[in-house]
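Next up: some structures, all given as structure tokens.
In the two assemblies presented below, subunit A is common to both, partnered first by subunit B and then by subunit C.
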Partner chain A sequence: MVLDAATITRIIFWGLVAGSIYTLLATGLNIIFGVMKVVNFAHGEVMILGSYVTFYLWSMAQLNPYLVIPVAMLVVAGLGMLIERLSFRPIKGTSKINEIFLSLALILILQNAMAVVAVANLRELKPVLISSPFRLESIPLGPVNLPNDFAVILSVTALVLVGLFLVLRRTGFGRRLRAVSQNRTAAALMGVDVERMDMISFGIGSALAALAGAFLAILAPFDPYSGTFPAIKAFAVIILGGLGSIPGAVMAGFILGLSESAAAFLLGGVWKDAIAFAFLTAILVVRPEGIFGERG
Partner chain B sequence: MKKGFVAGIILLVIASAVPMITQEPYILQTLSIAYVFAIYSIGWNILALSGQVSLGHAAFFGIGAYSSVILARAYGLPPAITVVVGPLFTALVGLGIGLLCVRLKEWFLAMVTFGFAVIMQAIVVDDQLRWLTNGWDGLLAPHLIPPEFEPLRVWNYYALLAATVITYVASYFIFNSRLGLAFKTIRDNELVARVCGVKTMRYKLLSFVISTYIAGVAGALQYHVLFRFLSPEVFHLQTSFWPLIFTVGGGLGTLEGPLIGSIILWIAWEAFRAIAGFYGLIGLGIFLALVIILMPGGIRSLIARAPSLIYGLGGRRKIISQGM
Partner chain C sequence: MIGNKKTALTRLEAVLAVLFIVALIAAGAGWVRPIETGVTTVTEVSTVTKTVGEGQAATVTVTETQRVTVTETVVKQPEAPRKIKIGLLTHQTGPVAPIGQDMERAFLLAVEEINARGGVYVDEFGTKVLLEPVIEDQQSSREGTVAAAERLVNVAKVDIIVGGFGSAFIPGAQPIIAEAGTPYIITGVSTPIVVTRTDIDTSWFVLYQAIAPEHGQSISLILAEAVRPVVAPDRNLKVAVLYQDSPFGEGFFAGMEQIIEEKNLPIDLVFVDKFKVRETDFRALLTAAAAANPDVIVPIGFIGETIAVIQQGVRDLGIKKLYGPVCVCVESPTYYRDLGREGEFSLIQTYFGPYHVHPRVAEKVAEFSKKFEERWGVRPGSQGLSVYDAVYIAVKAIEEAGTLDKAKVAEALRNLVMGELLLPVPGGVIKFQPTGHQTFELYGVQLIWDENIQELRPVIVWPKEIAEAEVRLPPDFQPGG
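On to the complex of A and B.
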């Protein structure tokens, strides 16, 4: 393919949008990991839960889908907190392997529960899509047009990430959350309710996943099983950026998004998915703790 | 140990007697699949024995099936040979993934293997490999047992039963040797293992190689004997979950766990899934969660505890994992 300005711009647009989704997912995973020291393998399914909640709210309320996203995020945050309370809390501190198995059980439960609901409502299990009112509009920008959906997704992602950063850095709540992730025992001794922090962090992570899910639902059709691939990409991102590091997740998320998009445009479809694994391999060989991670 | 040996012999006699009692295709097919899963789970369990959890064994199951079927088709080798030789390639891939992962702890290892299975599917269906794998259209696997043998399903049943017994005996010897001891020591405390002079890296790689080889054999058997039609569906997430569910359900890190779990749970699953649909899979997830939360020793621990449970001496349940 000829590499002209229009192609490059297109690669960048797609890369940034894909990067936003990976970044939101990976940031959520990292917040959960930071506080609870748990990697939730069902994060992709939580994301699709966000897609479905947004989809149903949108089709019931007949509003602009972007307006129902905050409600969907709250709903999924609530569900996430419930999941944490019912499943991860009882086995806390037994072993990491149990937590891995438990999140696999969650994958099975969530995927198929969503399938049941989708079949009950749509009669059959077919991929659905949220049709955005901006679908046909775009902003002329250089050699190509930037679709309005892309513009909204990018700016919302940026706002949410900045907001999250400010909450974590500038508020008492953020200080407590960071204290728990640095040293759980010390934080508990200082009077932080660590178990409540677990629940809240799981809620925040789930809400970020729901946001990613809503964006995904606007960009492409989804079904209950669409969460697996994005989740694997998010794992690659957190390994790339360093487990638990939020700046690392943001940076690695966009690096992965852009390089995937470049690979898809220049080399063809299958390489798009292989590149995440290639990155993963390279980083694991060269620097297993990730770009921003700490050794040990 | 002696009690276990007697129990094993009794079970083997019962299993060999099944085709003499009934030749109902559905029953033989269900049990045959359970045997393949038992082999697969025994392989998965050997990796878990050294403290390494793979969430992507479907990759090795599938690579074993593909390499055996391709060898048999391309070179006209009898499947009885390719089932043993083909999975060597799986072990090679396993060695590669192992090299990538030996330095990694739980989470990273789980994430890498989880991703690898999904990526494998994308690679197998790629157009550039179509000449080899035939993309989504899949490949037809030659029969392991030639179709002249009648009735075929009984021969198939015995072939798989024999393979299961061989694998189980092999796993018995691994569990009760220096090798198994080294694996368990690494699982319980890697530092201690190293202090005791166990070359941890070498042993972890070895457990990767053995485990992926067995998973590959299970994959090859599944397609040469039972299903015949090999498609990239084999890399589905669910294929990775089965050995985990069976092993954890049966008893993680124990010799009998994967065997007991595969047979009991697969039969239960077959009984339920016709009526349950999606609810069956939800139930499976809830079952797995409940086992982890309430019964970390799995079904095996129930059987081992049965006498004291019957006499009301069940004792308090403790949430501890089975040595892991």
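On to the complex of A and C.
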């Protein structure tokens, strides 16, 4: 097998693009977990909801799909807040098992709701994808040509993550959100509306999932059941990065993407997940709290 | 105090919450219910007779909550001691429901047609007997399939079963059906194991579906006989194969390898690798495949995987090779639409598709498609065609047996000889192999971009006898070496 500079560069790019999706998904999941201490197993389905909303907005508007993504993020953020308000909040504070079963139920409900709504005739329930106007264009980058879509996805992911970091670190809203994440009771005592923060964090998490879903829809065909695997990997990413740590999720997302890409190239397609998860297990053996998790 | 703010819902919020939950439950309950308007819904074990017009009636028995539509006419019947219960195993709920819906519609159409002609002549009764359709839901799962089979043979006590979809689901239900001694025409399974397994009596089963090794063989034959003369007439064709890591993918690849070896076909498999089910990112795998410098890349997977391989190969990696022939399972209008320009010149090995048909059965399929579309408002799929044929095969077997004795019907099925129906079979004659399996005439199509409709459309390129054109190469095609 030829392992030249061009091949290595390509493998790194494929890994970074896959990592972008895992990172966005995991960051959203981490924000929700950090603030609410709720693990939303239906996060992959929220991502596919983003794929479908983007797909329909793009189909209807006949615009560049990247232009409709912000609208899709807003729509899914709204739906996410509705889900938080009507599903998670009423059971908050009760047994953890209730939260787990609620999110498992949401998986089935969202999958089937999308299946019913997505297509009038269910025989046509086949994977769909968004056709990007950049799909046949590329930028020469050293030994390889980087598809324009990849350049857009990597750039937007970086901008969104930097923007999110700045909002969380430099704004009053970010401080309130972090305060709730660190100590819910103390934050409430200081006058922070913790329930509002719950709802907003769910909205932000859902919007990031929608962005990941839109990118996924541009890169590959999807159907209502396509969210399960990426969600499992997003969970792996937040465990690897450290529960609640956003920098950890970013780093772990790209590590997972790159290790998957390298494993698929060097060992074959079926080893992709195995090697990636073996790598994850190895890191957790050395550092059980994750890369950026706090000890103790 | 904010920290103690009550989380109880206001009245308006409570109403909204109830409405939201009801809507979600309505969407999610029972997975997917695919039949549209004008349906009869019944619960529990019951018999529903729906009068459609003057002197017109049809009967449907169901054994769980489900919706079945029966509207066709039944002409006046002579007295018959009882009806023939014909069972359908299909997926009414879950991810496989879209295919199951196609099967169910074709099944009902066939039953209605036969009943409209007065039913099936059964010699021991000396008269025609109406068919009574019984439909059970496989629920897109192995457990659901087992339960559905149990209900068909032990609750509804059907005389014969048709349909069933999924190589992973049907084997689990077979012991129940064999033990009950019910003849079963399996239509939606690509593994030959269902008729060759030795742990149960398989004499009750026949398989009316092209099996994976046959598909694989036809892929190799298309490559050797239609692609190689155009791409590499003076050397072996270099082929990279990426196949799904599943019995389906393995069966296809085994068939490919087997015939290359048996017939010493001029094909070199320069790269072979597997990918997991529902994979979406093939870029690293394609990079490795391209490094082997093949002439052709053959992806063997389901529709989403196949689209992803071709698009990522052409678009993201710029691999300028021929792609395919890919599996017949991609045959759907959405494949032709979503594959886009990147899919031009790719190939499919097939036996029926939305925009092409084997010339020998073209007229019959057109007639069926017209009726199907009039009845259900959509085009039929390949699984629908199989089930439609299976109902007529079941009827022929009963007529040949002259009785509803299940052992005799099963024997008649095994010995059946009848003209082909909608799916093309070798020599135009349906005759099950000694193993109980029917072979099919597969053919190859190449997709060409149609500027007028801005979509891909197929051209038959193999076998020579029915080919409409030779295989064409992309303008920027780079041969392997």
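Note that the second predicted complex is superposed on the first by the 288 of 296 C-alpha atoms of A that agree within 3 Å, B and C clash if a C-alpha of one lies under 4 Å from a C-alpha of the other, contacts with A are read in each partner's own complex, and residues count from 1 in each chain.
The working rule: a residue touches a chain if its C-beta (ideal position, glycine included) is under 8 Å from a C-beta of that chain, and two chains touch if they have at least 3 such contacts.
Note that the coordinates shown come from a computational prediction; the quantities given were computed from them, not determined experimentally.
> Please tell me, clash or fit, for subunit B and subunit C sharing subunit A in the overlay.
clash
> Which of the two partners, first being subunit B and second being subunit C, lies in contact with A:Ser155: first, second, both, or neither?
neither
> According to the contact criterion defined above, which of subunit B and subunit C contacts more residues of subunit A?
Larger number of subunit A residues touched: C.
> With both complexes overlaid on chain A, does A:Leu108 touch subunit B (first), subunit C (second), both or neither?
After superposing on A, A:Leu108 lies in contact with both subunit B and subunit C.
> Just subunit B (first), just subunit C (second), both, or neither: which does A:Leu280 touch?
First partner only, subunit B.
> Using the touch definition from the top, say if A:Ala236 reaches subunit B (first), subunit C (second), both or neither.
First partner only.
> Does subunit B (first) or subunit C (second) touch A:Thr94, or do both, or does neither?
Only subunit B; A:Thr94 stays clear of subunit C.
> Contact-wise, after the overlay, does A:Leu219 reach subunit B, subunit C, both or neither (first, second, both, neither)?
Only subunit C is touched by A:Leu219; subunit B is not.
> Touching A:Arg10, do we find subunit B (first), subunit C (second), both, or neither?
Second partner only, subunit C.
> Considering only touches as defined above, state whether A:Asn183 meets subunit B (first), subunit C (second), both or neither.
neither
> Who does A:Leu82 touch here: subunit B (first), subunit C (second), both, or neither?
Second partner only, subunit C.
> Identify the overlap between the subunit B-contacting and the subunit C-contacting residues of subunit A.
Residues 90, 105, 108-109, 111-113, 115-116, 229, 269-270, 273, which sit in both footprints.
> With touch defined as at the start, can you tell me which subunit A residues reach subunit B in the complex?
Interface residues on the subunit A side: 39, 41, 87, 90-91, 94-98, 100-102, 104-109, 111-113, 115-116, 119, 228-229, 232, 235-236, 239, 243, 269-270, 273-274, 276-277, 280-281, 284-285, 288.
> Which of the residues in subunit A come into contact with subunit C in the complex?
Per the stated touch rule, the residues are 1-2, 7, 10-11, 14-15, 18, 82, 85-86, 89-90, 92-93, 105, 108-109, 111-113, 115-117, 121-129, 131, 135-136, 138, 145, 147, 149-150, 184-185, 188-189, 191-195, 216, 219-223, 225-226, 229, 260-266, 268-270, 272-273.
> Can you tell me which positions in subunit C touch subunit A when the two form their complex?
Touching subunit A: residues 1-5, 7, 9, 13, 16-17, 20-21, 24-25, 27-28, 31-32, 34, 95, 97-99, 101-102, 242, 245, 273-276, 278-285, 287-288, 291, 303-304, 307-308, 311-312, 315-318, 332-335, 338, 340-342, 377-378, 381 of subunit C.
> Taking the complex as given, what residues does subunit B use to touch subunit A?
Listed in rising order, the residues are 53, 55, 100-101, 103-108, 110-112, 114-116, 118-119, 122-123, 125-128, 237, 241, 244, 248, 252, 278-279, 281-282, 284-286, 288-289, 292-293, 296, 319-321, 324.
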